[in-house]
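For reference, the structures are reproduced in the following blocks.
Presented sequentially are two complexes of subunit A, the first with subunit B as partner and the second with subunit C.
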Partner chain A sequence: MRLIDYFIYALTVFVRHKMRTALLLLALSMGVASVIILTTIGEGARHFIHQEFSAMGSDLLIILPGKKETQGGAPPINGASPRDLTIDDVNALKTINSIDQIAPIIAGTALIRFGNKSREVITMGSTTPFFALRNMRLGEGRLLPDNADSHHSPVIILGSKVKQELFGAENALGEWLNVGDFRFRVIGVLEERGESLGLDLRDMAVIGVRSAEMVFDSPALFRVILKLKYAGSEHYTEQQVRSIIASRHEGEDDVTFISQDAMMSAFDNVMLMVTMVLGAIAAISLIVAGVLIMNVTYISVAQRKHEIGLLKAIGATAKQVKTIFVIEALILAIIGSAFGLLGAIALIELATTIWSNFYLAAPFWAIFAACSTALVVSLLFSLVPAKKAAQLDPIIALRSK
Partner chain B sequence: MIELKGIEKVYTLGGRPLKALDSVNLTIHRGDYLSVMGPSGSGKSTLLNMIGLLDRPDKGQLNIGGVATESLTEPERATIRRDKIGFIFQSFHLVPRLTALENVALPLMLSGVPLKQRKEQAMAGLAQLDLDARADHLPKQLSGGQLQRVAIARALIMQPEILLADEPTGNLDSKTGLEVMDLLEQVNQQGLTLLLVTHDLSLGKRAPRKLQIIDGKITEVNEHRAFN
Partner chain C sequence: MNFFDQIQWVFKVLWAYRLRSALTVVGFAVGIASVTLLTALGEGMRQFIMEEFTQFGSRIVAITPGKTETYGLGGLLNTTRPLTLDDAESLQRITTVEFVVPVVFGSGQVKSETRSRYVDIAGVAGRADKAWKINVAQGRFLPTDNWQQPRAFAVLGSQLKQELFGHASALGQTVTIAQSRFVIVGVMESKGEFLGTNLDELIYIPAQKALQLFNRSSLMEIDVFYKPQVSAEQIAATISKRLIDRHGMEDFTLVTQDAMLKSLDNILSIVKWVAAGLSSIALIVGGVGILTVFSISVAERKQEIGLLQALGMNGNQMQRLFLAEAITLALVGALAGYVMVTMPLLLVTFWMPSFPFEAEFLVFVGAMILSAIIGALSGIQPARQAANLAPIEALRDE
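Then we have the complex of A and B:
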């Protein structure tokens, strides 16, 4: 029997049992589609996080005050450092030759009032390099004065949403408003941009770091972001920073470093794992489809006993009979996979047009895994009933009612 | 030529052994026309299935065309079934979802004849039995007589050496049944060996060689007698 004839023969079965064929195809294609869609969402999330980190810049180091270490046993009684990281510490770090830019950050929530409108806004105190380090751009106006790390100047830059809510369509530049108990003049508005590392850049305000010290009445830095001059100098820089901090903090280098690469790869690994788990969960639906195929093939073998007996009587070998049933299942799997794939791609395309800022594309490995799982499952689950058909005694099969 | 030597087949029925064939010796020559009669359960169908290689004997030898069939593997036996043996059943056994033409072409498909060629051959086979107008009909659109003629066309398509007919007229009215018998005998006169199992005395009489089988034992008789 030629290979093409197995396909032609299977086709006659599908045409004859349209409803059954359609339902099996539906089950298979839904299985394939769900694997592809779930992994695509996982990959999209991974890509999103990746992008967020990249937006931060790849050669960045973040310094947090206090020493945070993973250690066994009970947490230390004084978990936080008794010594704050201050603007003066940061100014001392500027002597390290591998640092390109460095920005101290004081962060807090401040009540900003303009006229009769007021809003609680996350307010960051920093210096000019902060904008470049966080890839923030001005929509209008100008940046902080260059001496923001030494002098207070009453100027503020607003996020686009804050500006919108306080000023509406009116011009904000040059207007005075209240931040806590102090008066500031608006000198800039940030360009509209989405979130970055969980911080909504539209819903925040930036003032000078010395001004923030005053507003929040504390010299303690929230963190320090620095940019390296040369890639690969993280280690050297960290050593330098630690020794300078130690000399200024009574011998304690009580700071913690977060390198972006380390965070990114950690996130990457976690997200990949999440994606694969999602895919595996979806693959269960394929197994269910496989069981369905097995049941239907069993029923088919029982219903077609006469046919099997006849085929054997007119000279079909057991192998040919087995192949007939396996090929039927495989064709269903191939067509089901194709439909599932098309359906998944169509849905992903649709989702991409609706949520255009969220990256969605079916990863190739997921398509491959979904389709090959469908094929393997169909093959394995059809083998048992097909084998049963092949072993049918033709005399009994022909005689059966 | 088909030779059966000391063929035995025992079935276990309700815990008791039942001899379906008891040291059967039989020689069938090319072009022979035999009818087999006997009471129900006497072993008529077993004999047919044995010669048709659907069943294996417990003992004895079965040679078909000089080939000792006991030592053949199952695929080899399938090939002989396909190429040398034509089956005709009481209930026709056409595949219901296939057209008359496709049913006739089934053995050709199994032997790997390309689609176009087997359509032509099957069409010619149908035409010989005046069924070419019905080629595209499904079995459910055909009458009993037509169904059995399609089945005969299928049995003949591989140009077998022997035709095994198990009550071929059992599901037909007497007029159609006689037409089918005429057809089978016509084919036999062209040189094909015909082995007919029947309950019908008037049909059994028509064969030159008459076999009677009782409790698995075969005797060749001059006149059939009626069984229930």
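Then we have the complex of A and C:
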């Protein structure tokens, strides 16, 4: 019997039992499709986080004041340390040759008032490079003056939502408003953009770092962000920063570094694991489909006893009979996978047209894993009943009606 | 045919085709098992996390400076409208308040005479040990007197004590944080980690000293523990009014433990049900299995159906018989799947009582009902097919 004969034989069986074949295909394709769709969603989320991070460039380092020697704990995010990290410290760091841009940040919440309207807003004190580092663009107006790290100037840049709340549709540029107890003039409004890593860029304001020192009455920096000139110089830069800080802080390098890469890969690992778990949950349905294939093959063997007896009587070997049933199951798996794949891709395409800003694409490894799981499951579950068919005694088989 | 006869009939048929019945049950059971397992794990995780959060009691209101709700970041940032120790002291005077803990967190270098270590520094007040349910192992906790001019006392976490003093006694010794000397009056019991902060590597100092140390005017948080006779809403209103009277406006954020727990609980429940929903894909595939096997059965048992109809059974009864078969299969499958998961997990919880697993009776009932529905849905089409067979045709088969 040639391979093509097996195929033709299987096809005639499928045509004879249309309903049963259709249901088996439905079960298999549901399993394959759910594996692909769930992993695609997981991958989409991972890609989204990736995008958020790489929008800011992958060669960023963040310096936090204070340090902890406890292993494995969270970094000292509260930013309070007996020895402050100051603007002068940051200015001293500018001499390091591997730093491209560096921005000190003083962050606080301040009450911003205009006329009779007021709003509590997260106010960041920083310098011009901050905008480039956090990938923020101006909708109108101009950026902070270049001497923001040495002089206070009463100018403020508003997030789009703050501007909307305080000024409505009116022009905000050039208007004076109050930040805490100080007066500032609006020189710019940020471009409308959503949330970025937990900070709502619409609901915030930026002032010069020296001005923030004054408004919040504290020289302590909350964070320092810096961008490296060359990728891969994190280690060198960290050492340089530590030695400069130590020379300025009575011999103590009391700062903590967070690198963009480390943060990203931590997120990456978590998301990858979530994706895997989702895929595994969906794969359970493939096993259920496999049990169904086994069941139907058993039934099929029982119903076709007569036919098997006939085949054996005209010289078919046990192996050939076994192959007949296994190939049937494999063809089902292939067609089922194809349908499942098509269904999944159609759904994903539909989803991308509806939510166009969320990247969705079936990962290649998931397609491969889903289809090969379907094949392996079908093969394994059809082997047992196929063996039973192969071992039928032709005389007894022929005698059955 | 009465009900009992029907049941007997169904079981006889299922037994006659035991191989295919067993395989159908196995397929369905795998589906139910995955649903049960995931909801159990989800519920276990939810309870574990909730316990983490409720260990400090539930009669707590947390107040942070600034009105914007920025994921609890509000307290860490600078603010132009500080929450002061005076505010905390005035809340202490409310009659329905049991006690108040002002909180300032930071990190810094703690030096003993010979050693030093960078750790977290918690600026608090007396009774913080009661609030956070950490017991004092040696000595006592910070005194509850005068918050404005506290004595320079400090209490060490158990691990920090080991780091700085080894096995020697730490009580009465002094440590230095940024040139300020503190006398150690107590050492805490080991407590482990909470939300990424190792509570054993922590030094507790009076809040006022911490404000000085970190050069801040504002507390990061005020935790108010209230008496059981008032509700969360009532105490929140009282506190709001008191602070607004003092500040002239609402420039703080107030979160009751109740509200926080409720939203946390919601999120965790959603996670749990999503997991259950995803795993029920397998259940649906199991349903397709029942449908497949039944449509084959109807075709095979044409003669039997014809005979029954010839004996006077009407279409309705016939349909009911096949539906009962499908539902029975589904229910047996559900039971098998539930036992398949629950037994091993119960054994696990027997050996490891802390394992986050919670078998819910509700899930069991839900799984059974869901299975019955899926069984009925997948049985309906073959059952109809059987009912509509013409008896003559059916009898003539074969």
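Here are some notes:
Here, the second predicted complex is superposed on the first by the 373 of 401 C-alpha atoms of A that agree within 3 Å, B and C clash if a C-alpha of one lies under 4 Å from a C-alpha of the other, contacts with A are read in each partner's own complex, and residues count from 1 in each chain.
Following the convention adopted for this analysis, a contact is a pair of C-beta atoms (placed from the backbone, for glycine too) under 8 Å apart; a residue touches a chain by one contact, two chains touch by 3 or more.
On a predicted model such as this, the values are computed, not experimentally measured, just so you know.
Applying the stated clash criterion after superposition on subunit A shows that subunit B and subunit C can sit side by side.
Seen from the CA centre of subunit A, subunit B and subunit C lie at an angle of 90° in the overlaid model, rounded to the nearest 10.
In the superposition on chain A, A:Met30 contacts subunit C only, with no contact to subunit B. In the overlay built on the shared chain, the residue A:Ala313 is in contact with subunit B alone; subunit C does not reach it. Shared-chain residue A:Glu252: touches subunit C; no touch with subunit B. Ranked by how many residues of subunit A each touches, subunit B and subunit C are led by C.
Contacts of A:Ile287 after superposition: subunit C is touched, whereas subunit B is not reached. Contact with subunit B, but none with subunit C, is seen for A:Pro394 once the two complexes are overlaid on the shared chain. Looking at the shared chain after the overlay, A:Arg2 reaches subunit B, while subunit C stays out of its contact range.
By the touch criterion stated above, A:Gly180 is placed in contact with subunit C alone, subunit B being left untouched.
Closest C-alpha contact of subunit B with subunit C, superposed model: 9 Å. No residue of subunit A is contacted both by subunit B in one complex and by subunit C in the other. Interface residues of subunit A facing subunit C in the complex, by the touch rule stated above, are 19-20, 23-24, 26-27, 30-31, 34, 38, 66-70, 73-74, 76-84, 106-111, 120-122, 179-181, 198, 203, 212, 215-220, 222, 252, 254, 278, 281-282, 284-285, 287-289, 291-292, 294-296, 298-299, 303, 401. Residues 1-2, 4-5, 8-9, 12-13, 15-16, 306-307, 309-320, 394-395, 398 of subunit A touch subunit B in their complex.
Across the interface of their complex, subunit A is touched by residues 45, 49, 52, 54-55, 74-75, 78-83, 87, 89, 93, 95-98, 102, 106-107, 109-112, 114-115, 154, 158 of subunit B. Contact residues of subunit C toward subunit A in the complex are 19-20, 23-24, 26-28, 30-31, 34, 38, 65-68, 70-71, 73-74, 76-81, 104-109, 117-120, 177-178, 193, 195-198, 201, 213-217, 220, 251, 275, 278-279, 281-282, 284-286, 288-289, 291-293, 295-296, 300, 398.
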